[in-house]
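Structures given as structure tokens follow.
In the two complexes that follow, chain A is the common piece, with chain B as its partner first and chain C second.
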Partner chain A sequence: MKKNKTLIFMFMAPAVITLLLMYVYPVLRTVAMSFFHVESVTAGLDDWSFNGLANYFKIMHNASFVTSMKNFLAIWIVGGVITLALSLLIAVILTSGIRFQGFFRAAIYLPNVISAVALATMWVQYIFNYDYGLLNQLVTALGFDKIRWLGTDAKLWAMIAAFIYGSIGYYMLIYISGIEGIPQDLYEAATIDGAKKTTQFFRITLPLLKGIIKTTITFWTINAATFYLWSKLFSPVQTEGSTIVPVVYLYDTVFGGKGVVTTDAGAGAAVGVVLTIIIIIVYVLTDKLLKSNDLEY
Partner chain B sequence: MKKLLSMILVAVMVLALGGYALADDPVEITFWSMWNEGEPQATVIAEAAEAYEAETGVRVNIEWRGRDLNTQIQAALDAEDAVDIFEDDYNRISNTYDKEKILDLTEMAEAAGYADHSYAVLNDQVVSWVGYLNSIVEQPQVGGIFYNRDAFEAAGIEELPTTWAELLDVCAKLKDADIAPFAQDSAYTNFTFYYHLVRYLGEDGIAELRDNGGWADNEKAVQAAQDIIDLIDKGYLVDGAPDEYPASQNKVGTGEAAMVVCANYVTAEVDNVFGPQNWGLINYPAMEGGASPDSCYVGANSLAITSYSEHPQEAFDFIMFLVTEDYDQKMADTAGQIPADPHNTCDYLPTAVDTLKNTTAPMGWCTSLNTHPAWGDMKTLFTELFEGKYETGADFCAAMDALY
Partner chain C sequence: MEKTKRKANWKRELKMLPGYLVVGIYVLFMVVVLAWIFGASLSTSKDIFTGKVMQFESGFHWENYVTAWKTQNVSVFFGNSLLYSIVSCAGVLLIAAPAAYVLSRWNFRGSKTIRIALVIAMSVPAIMIIMPLYTLAVKWGIKGRILLIALYIFMRVPYTAIYMLDFFATLSHDYEEAAAIDGCSAGKTFWVIMLPLIQPAIITVTIFNFLSVWNEFFMALIFTSSNSMTPVGVGLLQIVNSMKYSGNYGGLFAAVIIVFLPTFLLYLFMSRRIISGVTAGGVKG
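Right, the complex of A and B next:
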């Protein structure tokens, strides 16, 4: 059959044009903006003045941005290790044939169904509450003094704990789908050969989940880099150093904060570019380090 | 017969179309509001718009844009979107957005006698920023120490404190009456400490510290921090403070605490949870050897008109309809706010109107510090100060210097 190139082009055109307008153009504009002094996101090109890497130097030397990057690293590394490890562990347990696995799957996934706003409010106003919070009730019942869970030292970790609670179910489902895709006869053969469950996990499950693990690391990196809502909900009145993350810093830089009237869209664009580069680096590294196509089943 | 009927129908259509084309289009103005439909402020604005249309025939098309309106305004102004009136913080209207796109209201305000229906301190502030009046105050704010009169009465306090020493006496009496003197949420530790620092150094003095550092070498800054440490050591903060907003400020509503440093919206927030409290307002007290105690935090949500509006006079008239007389009183009563028109009354906080009328030295929201690159970390240190993490004021100031 002869290909009708015009027809193919016409069918593709709406999607390609939409992609170029809605995705490629904003990305290119943001990258370009990061090299200019621009006060407002919508400022015309006449109001742009080229300033090279000054926006990048500005954010790198800004204490709030540095703090936000430290917080991002804590969320990404500590939160990531705990979330991915726990969700993998739960996924393995729930695919091992235990009773009520359907109920447990639903119960652990439930926080993903609830709005993050409601979830964070529950953690802030009830679980971590100093006077009547669940944790301090436990602490006082054990005979200890109340703890300031949302004090400056603990607030970031409290926020990460709440975020982990809200994220585990999502990653658990991804791991479950991966584990269920592994042929059962591999486990049966291993069992006949006398392999213990732990050996089966490290020799069969984990190697065959490399591709899934790579995906979840990339997803987690994107989640950590674009972390915004939980930070806002843990600092509802104004941005706080203990919970600031790069996207919140970006938002405050572009739109100003409480009592702050200066805006700098160029510096905000630089933050966006830095975050994108981080995500790309992590993706490339995980792709190189975790080869998912060296095993076939 | 059919021909006649056809001719009559055609004639009717032509007349109808012609009449429609010749009729004057009713004037419509578009108003972008920062409130959400159903909120008390939105309800009053909608009622005012309806009444204004009935009175003048001018239709006010209100778009409820919510609190993120401030992220949309500059883009709308750049694109010259069809908006006549928008609502935002008066500081942002004056200092963030493109001044060319916001109408100079000086002449219309003079013609309407606006000066008599507004607070000079807020108008002067706008003029000092922009050079002319570019916004009309809708919801004024005032800051200071908000206290529960019932708690003061229970502790036998008759005189309101005007100096820090007198305030400490008040704290002692409250503590003796088993009422914690101060509530303090971590979200406002920066505001409280800034207010305290203003009384020692003034905003210019603080700006000097912001630019050049040297906190530990500044005796007044050290003393300001030491005052807070002493306050904590004496047990003058309510249990749990600095707590997570709004847990601590709510303790004024439960009767556990008597005072809170904030802007007047704290009273509406507490009242919404616990019902109307018997509020009073104390101007932040003077420090011995400190700066002038006359300054007072003031702020406002204001209304501005786009410079490209096709109906600026109608837009201005609607604004005046909303922020003066009946609808302003209704806004104050319904939303628990200070009236924009000083002729109206503030039932929940009777002294607020006089405080605003008499204030000549406006103080901003941490204005002299919040442009510092380490502002986020400074706020953390302020909360740490209230958490009792520093042994002395000098330790705190050394930590501040370490941020430079």
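Right, the complex of A and C next:
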């Protein structure tokens, strides 16, 4: 087909402007800002003063940031292992010829399409509620004392549990599409050879899902690093140490919040850069460690 | 949802019992929670605190919905979210569809770079862009609803373009050649002939854009400067925070149901399309 230069230009221009305005310029400016002392996010370049890695040292020595990174690690590792394992388990169940699998898939994915704010509100105001909450009703029905699910000690784990419950559906769908891509005759052959279901899972399904597992680890890392909404809703008015995450710290540092005397946009930018670097490192590492198999099937 | 008619083979089903239990409990939990929330939205705060939610001793308190809708401003939040979702869904298509079409049809200088940039842009975390965007918005004096609409349009362009690109690539070049012979300009050919051909993809991607804009929270929180532009997510947070003073729990749960309902209904009718769309085309939803 003939190239129509005017058409190409007219059709591409809005998208290219979007990329430059919304992504390229802001990312570059954020990275640059992390090396400058910038108090207000609206400060012009004249008010920026270069201070090398000082922003990075500042956040590394900030108690709130360190706490937020610990919470991030809990969400990322503990939450990640549970979420990915459970969603893989459910994906295997729902591809094993169970009845009503269409309904189960749709129902388990449901939390992903409804407003996470509404979802988190249900957890905080009902499920975890001390007075009339679902969990405490179960606990008292079993004859135990009520538990303060949202007390300082348990809050982080309560939040992670709620987040996991809502996240599983998405990863389940990714695993299902991976499993459905594995040819059925591999399983038939294995069954004829007398391999048990569990053996089949570890010898066929898991190795062939390597590429998919890699993808889900990357997605989970992005979700954990940019975790914000649930933390905000579990500590809505004031940021609390028990649920603080890096993005909450970033928000408070840049736009003002509890215990922030002067805003520091440069430090906020440094937090963003640190999180992005973590995501990139995890991506590169999983890519190296879990080499996509070149198996033809 | 494939319908597999098969005779009940009880031995076989029994073997799968643990599987049924896992997914069954998972779904049952959700059903119990949603039923209770709906029940609570029709109860008084007193009923809620005394654990009498599903008994409705004093009848159904539909007035909770009226309170939420009128006094707690949910009508404003709801209208705003509807406006943001609909306008940005249309705006995204205007920017992304032509770009996806051109990228699927021709190789030109920079076309590969743009493709890669679109893919990377899909996974750029919001925290890396919001600060400069905030600066720009203040500097250029852009505020109010138009600001969030513009941001949402830009936010969804990469995903939408990448999603549509694959579909345009499957269309035969014969359409354009026939149109050219009939004297139809290349631009008109796109809008009148090519774009309608990928209608199923447009519907799917628009559903995802709608869901994503309706549920967006982070940018809304940062860029919302007045009550008149607050969307549902941020609005609900405000209601939760004021709950300590108003103590109207029935109203709170009514607000939760109102916020929950639009995307839930959309999902009820479109679940097949949505579920197959999550993993088709682009990977990120």
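Note that the second predicted complex is superposed on the first by the 271 of 297 C-alpha atoms of A that agree within 3 Å, B and C clash if a C-alpha of one lies under 4 Å from a C-alpha of the other, contacts with A are read in each partner's own complex, and residues count from 1 in each chain.
We take it that contacts are C-beta pairs under 8 Å (C-beta built on N, C-alpha and C of every residue); 3 or more make two chains touch, one makes a residue touch a chain.
For clarity, every value in this text was computed on a predicted model and none was experimentally measured.
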Exercise for the section: Label the relationship between chain B and chain C on chain A in the superposed model as either fit or clash. Expected result: clash
Practice task
Considering only the touch criterion stated at the top, classify A:173 as touching first (chain B), second (chain C), both, or neither.
Solution key: second
Exercise for the section: Please indicate which partner A:41 is in contact with in the superposed arrangement: first for chain B, second for chain C, both, or neither. Expected result: both
Practice task
Could you look at A:94 and tell me whether it touches chain B, chain C, both or neither (first, second, both, neither)?
Solution key: second
Practice task
Would you check which partner chain A:191 touches, where first means chain B only, second means chain C only, and both and neither mean what they say?
Solution key: neither
Practice task
Pick one for A:115: touches chain B only (first), chain C only (second), both, or neither.
Solution key: second
Practice task
For A:199, decide between first (touching chain B), second (touching chain C), both and neither.
Solution key: neither
Exercise for the section: Considering only the touch criterion stated at the top, classify A:26 as touching first (chain B), second (chain C), both, or neither. Expected result: second
Practice task
Answer with first, second, both or neither: which of chain B and chain C does A:236 touch in the superposed model?
Solution key: both
Practice task
Using the touch criterion from the header, give the chain among chain B and chain C with more contacted residues in chain A.
Solution key: C
Practice task
Go through the superposed model and pick first if A:255 touches only chain B, second if only chain C, both, or neither.
Solution key: both
Exercise for the section: After superposing the two complexes, find the one stretch in chain B that runs into chain C, choosing from 73-81, 145-153, 307-315 or 325-333. Expected result: 73-81
Exercise for the section: Name the residues of chain A shared by its contacts with chain B and its contacts with chain C. Expected result: 41-42, 124-125, 131, 236-237, 255
Practice task
Mind listing the chain C positions that touch chain A in their complex?
Solution key: 1-2, 4, 13, 16, 19-20, 22-23, 26-27, 29-30, 32-33, 36-37, 40, 48-51, 53, 94-96, 98-99, 101-103, 105-106, 108, 114, 117-118, 120-121, 123-136, 138-139, 151, 153-155, 157-158, 161, 173, 176-177, 186-187, 190, 211, 214-215, 217-218, 221-222, 232-234, 236-237, 240-241, 249, 252-253, 256, 259-260, 263-264, 266-267, 271-272, 274-275, 278-279, 283-285
Exercise for the section: Would you mind writing out the residues of chain A in touch with chain B in their complex? Expected result: 40-44, 61-64, 67-68, 124-125, 128-131, 146, 148, 150-152, 235-242, 244, 249, 255-263
Exercise for the section: Quick one: which bits of chain B touch chain A in the complex? Just the residue numbers, please. Expected result: 70-71, 74-75, 78-79, 91-92, 94-96, 98, 185-188, 190, 239-240, 243-245, 247, 364-367, 370-371, 373-380, 383-384, 387, 389, 403
Handout entry: Contact footprint of chain C on chain A as seen in their complex
Key = 1, 3-4, 7-8, 10-12, 14-16, 18-19, 21-27, 29-30, 33, 41-42, 89-90, 93-94, 96-99, 101-118, 121-122, 124-127, 131-132, 134, 137, 165, 168, 170, 173-174, 176-177, 215, 219, 222, 225-226, 228-229, 232-233, 236-237, 247, 250-251, 254-255, 265, 268-269, 271-273, 275-276, 279
